[in-house]
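Chain nomenclature is as follows: A, B, C, D and E, assigned in order of appearance, with residue numbering initiated at 1 for each chain independently.
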Amino acid sequence: MSMPEPSRPVLDPEEARRVRQQRLERIGRWVLPLAIMILAIWLWDRICVWNEIPKYILPRPGLVLQTLHDDAGLLFSSLLVTLKITFLSLALAVVGGVGLAVLFAQSKWVEMSFFPFAIVLQVTPIVAIFPLINIYVDNQTTKLLLCAWIVAFFPILSNTTLGLNSVDRNLLDLFRLNGATRWQQLRLLRLPAAMPYFLGGLKIAGGLSLIGAVVAEFVAGASGQSSGLASRIIEAGYRLNAPRLFAALILISLAGIVIFLALSLVSNLVLRRWHESAMVQER
Amino acid sequence: MSMPEPSRPVLDPEEARRVRQQRLERIGRWVLPLAIMILAIWLWDRICVWNEIPKYILPRPGLVLQTLHDDAGLLFSSLLVTLKITFLSLALAVVGGVGLAVLFAQSKWVEMSFFPFAIVLQVTPIVAIFPLINIYVDNQTTKLLLCAWIVAFFPILSNTTLGLNSVDRNLLDLFRLNGATRWQQLRLLRLPAAMPYFLGGLKIAGGLSLIGAVVAEFVAGASGQSSGLASRIIEAGYRLNAPRLFAALILISLAGIVIFLALSLVSNLVLRRWHESAMVQER
Amino acid sequence: MSQSEGMSGDSGVPAADDRAPLLFLRNVSKTFSTGTVALRGVDMTIRDGDFLSLLGPSGCGKSTALRLIAGLSTPTSGQIEWPGASSRSDIGFVFQEPTLMPWASVFDNVWLPLRLRGISRAQAQPAVMEMLERVHLAGFADAVPRELSGGMKMRVSIARAMVTKPRLLLMDEPFAALDEITRFQLNNDLLDLWQDQRFTVVFVTHSVFESVFLSNRIVTMAARPGRVADEMAVSAPYPRDEAFRTSVDYAALCRQASTALEAAMGTNAEPQHVHA
Amino acid sequence: MSQSEGMSGDSGVPAADDRAPLLFLRNVSKTFSTGTVALRGVDMTIRDGDFLSLLGPSGCGKSTALRLIAGLSTPTSGQIEWPGASSRSDIGFVFQEPTLMPWASVFDNVWLPLRLRGISRAQAQPAVMEMLERVHLAGFADAVPRELSGGMKMRVSIARAMVTKPRLLLMDEPFAALDEITRFQLNNDLLDLWQDQRFTVVFVTHSVFESVFLSNRIVTMAARPGRVADEMAVSAPYPRDEAFRTSVDYAALCRQASTALEAAMGTNAEPQHVHA
Amino acid sequence: NEKVIFGTNWLAQAEHGGYYQAVVDGTYAACGLDVTIQQGGPQVAGRPLLLAGKIDFYMGGNMQQAFDAVAQDIPLRVVAASFQKEPQVMMSHPGEGLDKWEDLKNADQYIVGDEGAQSFLLWMATEYGFDVSKRVPYTFNAAPFIANKKSIQQGYVTSEPFAVQKEGGFMPNQFLLADYGYSTYSTTIEAMQETIDKRPEVVQCFVDGSAKGWYNYLYGDNAAANAAIKKDNPDITDEQIAFTIAQLKKFGIVDSGDTEKLGIGAMTDARMQDFYNKMVKAKVIPAGIDIKKSYTLNFVNKGVGLDLKK
């Protein structure tokens, strides 16, 4: 049996493999997604060329980019309008979703009694009830917010409710033993324990509130200068201006991706120290 | 200090309170939600009367019920069409969402590379890209399914991904130590551990696939006899047949509630034996 | 009831029968919905100021008994009575598992019971840090649980249970995960504190030596169904110290307890449970 | 390397230095990102067929050392070398916490390692049930973990680690949650098995008695930073039985180990960690 | 017979009567076409199907989009105009100070759909001083209009007034945009240049067939066509159909002006130029478009079907 030479630092093959893998991973993490994205765009371009798709049906990416550049002023000011509604409605969805979840966590009775209304809100098509909203709500921003909120709040409500109920039973017992009030139990135990679930719901709601803002504008319309991306899309569609339509869609997609990344970052920062989903495994 | 009489069964006050509470809870669990529902309907009725809201804006519940009865044939056959799309798209959302989540769980690279596309799908307004779908997809049902799927799959994907990453690190180590293959790790460890999250996502997706089916039909239109509830709503709205419009909305709401209850039941049955969110605490 | 009531002799510990009963378990049974009979017909009296150890084989219902006493679980039949009615709300509990809040620092975990009683961080600081010193974790106040070793987590849990100085302390194998030296130290600390402040302890342990060293009464339980097999008084006077640990008395008492435990395990009925 | 290689005498155990080394820890250090130095400069040789106990205060890095040996963690500096290169994949690990799959029955939890090696439920049945019998849990094969007591969960974990009959068994305080009688039984069982099948055991315990009774070598560790403080051979011959437990030799060895442990704890450096 | 698909821009209704008529009575078949009518809907975008060649003809709203197509370099052409007048009206509540066209701009809300907001509302703003910021979207439900007495709403003369009268209990004031200078043709037949180049006979047959269909529908026995409409759209009522036909005739939507001589479907360069000039003035459409590219007169103005008018 041969003894290993103690003098030179021996890296056993498994260890070497792991180090190599780590280095690769660090690079790949940013390069690969970009590469795939570029590949996808290239494919889009090729598909347009190969199938001779006319630009008024599916414009080639270059043209869309060109339009994005040419119409930048118009499109970005619209993007801002849409983002404003998005963030406001996301904030409202957080407040509403968490608020309702907390209410429901108070007792099975409350949950059973009021959850149906939440579901009704979730499944009611906005287009169908917009006339009602239109009659009883005057402010345009309020209308938009209401619509976007209806779209976005449910995942937060549902996930947070789930999280509030997923508390370690022994910890609950501990709180009970120490005579914790409902409020203390909620603030010190249930809410922190529900964090991973809530943040998961938030990531879903981020995209939904963006799409909600767009749909709201589709339905509720916008007037004059302050119109968001939905109006741009409708207008471009009506004017048969496909490049601008796709430029607007791409802005929405980018906004969605940025929102998701931002919420993922928040989630990681909050959970990094204790939850499996965000922990960096030390090895 | 007085000793308690050992002869009669002494129920200490706390215990008695708890027993009473339990009995109450068992009754309240069904009676209260019903009562609240009835109260809500009564309030709706009163609001209509007090504010003299004309029936073409907000019909009184009695009238809606009457319409539900009178137009039952028309409405229920439409409901069936909508439900068909709902269930099919929910099934597809489960397959697609879980499938993608599993794919993403294989490596951070894959996740970083392809999650952006999932987000793009989530945030792209169907109304805007429907023309493209319309051009390249011929079958009407396929079009509807595609639209509804786009609406519903993201929560399942997002929650399942979260769940697959929320595995106990020690259990992961155990699997690694025993030379588990990726597939074994997935099937025996990650998927069961992700169950609570997946089922949470499913509950969100249930409602979304219903609303997705409705929106899809709004956008895609539907022809002839086989049209779903969305067509009924559009037409009723156009004809100012508010009672029928609300009857259709109520059917959608009821369907949403039933779907949610069914999915909750499934969730409870699956998790009852081990997960906090569904466990009945034995005391 | 006043604490000086019924003091006897200079052992510093009142004679067992003089002291006021804190709670009775009367014919208590607990059957889980799986069909497992965790406890059957348990009768027990815990007196104010007792240091009572529960000794018994794994799965005999010790943890279940503690949970019943704490009111975290209710008996399937039989009663638990608190004649004094006062102390029910003033219980410290060391669970068998550390049961820490994973998102909170060690300090915050120990602060928790005080916080729930409305004591601010600043006010709690001295008491919390004192308890952390006692369990040798003062340097880890800002760590979160997953950065601790198994024994360290358990020590945090002990510190948390004791930080309120409860009237009744329920401890479920608190020292099992600790090395013997730390264990001895904490044994001594606990005894000192107990003699000083006269609270009541119900202590689950697997160590015959520990139970004899610490307690004035040892209840031995048998398994399936869980029941009381034997009860013995440990008449040795307090304070007990290293001298006691090496005394002949101590050895004899340990042998007696061991025999009781062996007897309890010998009478082991057939495993009893209902799983298809 | 063949198992008969280097057998000496009739004790049934090869002399320590004859046996082939299974792995070396060479100047191994582990520092966590929190700044805690869990191990510093640990050198250790584990020979094929060793029953090596790790003894040391809470938080001295015993669990960390086991994880390093298993390859679940990598050293910050230093190397772990497997000259034989064969056994690395054949490791059984009893974690300090039970680490069971909460959704799976006791049977399925124990079946797991076999299942991962492609053995069907039916094929695994005898081996799994035999292990469950050994830990007295045959009647609970269909229970899920949350229906078990703390000690029962730990026993499931032990059964799971041993069901594959691994070449190297790493056990992190496996018996801490068990009553002494069960513990003695399982001690004897483990020794019998070890003598029979000649696997290697690295065993973390807090019980000096247990370590002396079981192992042929005891490594004592000191805390903060975790390091090897002392190493002693337990020269008593195998098989060891109740007679050994009451022998003078045993008592002397226990005293020796206790002293080593005390010395290790005496040299305790200042607590060392970096939390703001 | 050659299969041809015609996409409409709304659910089947009497406004599509001529085409249904031509399908059910075999007029298209007579010149060799097997026509399928594919109905649209409020949110259904049908024109892309035409652009992609999935359908052969599409029912355009008015000329503005045809002009837009030229601006976007899209080879799309209007081959016939079934409606001589845009049937779009603005409605108001009687007796609320909104009884004259000039007063309408003072309404609190203009309930106008997305398309309207991109077209005639802009023209109304330039030409008559309407305030575009008062616009709220029309989701094809007139309840908000009925509820708000100070609002005005767009509508097809053939349908919204009917719904309002039925549910709101009053007949609203109706101001036909065409009467105030909104001179576009409407309900046009659009085709791709490629179709016109490669299959002119198909286009001619479809245009002629549609014209005949309209004559037969308006002046002949339209029972079968109505049945077909009801089959495609079961929610529509006979009452509604009757109302629509009456309005079409009353306002001369289909058959008035040029059609007396040139036949249904007629178009003239003069009308086109007039409308374009107005749109340019209203900044709805940029100047400098070669609007000749947006339509062709090759298939119309031949007096087809005049003989069918009784």
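Quick note on the criterion: a residue touches a chain if its C-beta (ideal position, glycine included) is under 8 Å from a C-beta of that chain, and two chains touch if they have at least 3 such contacts.
These numbers come from a predicted model, not from an experiment.
Among the inter-chain contacts, the highest number of C-beta pairs connects A-B. Centroid distances built from C-alpha atoms place E farthest away from subunit D.
In whole angstrom, the spacing between the mean C-alpha positions of subunit A and subunit D is 47.
Our note on geometry: subunit B versus subunit E, Cα centroid distance of 41 Å, whole angstroms. Of all residues in subunit C, those that touch two or more other chains are 32, 71-72, 97. Across the assembly, subunit A contributes residues 57, 127, 131-132, 135, 168, 237, 275, 279 that each touch 2 or more other chains.
For subunit E, the set of residues touching two or more other chains reads 43, 45, 48, 52, 139, 141, 143, 147.
Those residues of subunit B whose C-beta lies close enough to touch subunit A in the complex are 25, 28-30, 32-33, 35-37, 40, 57-58, 108-109, 112-117, 119-120, 122-125, 127-129, 131-132, 135, 154-155, 158-159, 162, 165-169, 196-197, 200-201, 203-204, 207-208, 210-211, 214-215, 218, 230, 233, 237, 245, 248-249, 252-253, 255-257, 260, 275-277, 279, 281. Looking at the complex, you find that subunit A touches subunit C at residues 168, 170-171, 173-180, 184, 188-189, 192-193, 195, 273-275, 279.
Only residues 54-57, 127, 130-132, 134-135, 219-221, 223-224, 234-235, 237-242 of subunit A touch subunit E when the two sit together in their complex.
Those residues of subunit C that touch subunit A in the shared complex are 67, 70-72, 89, 91, 93, 95, 97, 99, 101-104, 112-113, 115-117, 144-146, 164. On the subunit C side of its complex with subunit D, the touching residues are 32, 34, 36, 55-59, 62-63, 96-97, 136, 138-143, 147-152, 155, 172-173, 176-183, 206-208, 258, 261-262, 265, 271-273, 275-276.
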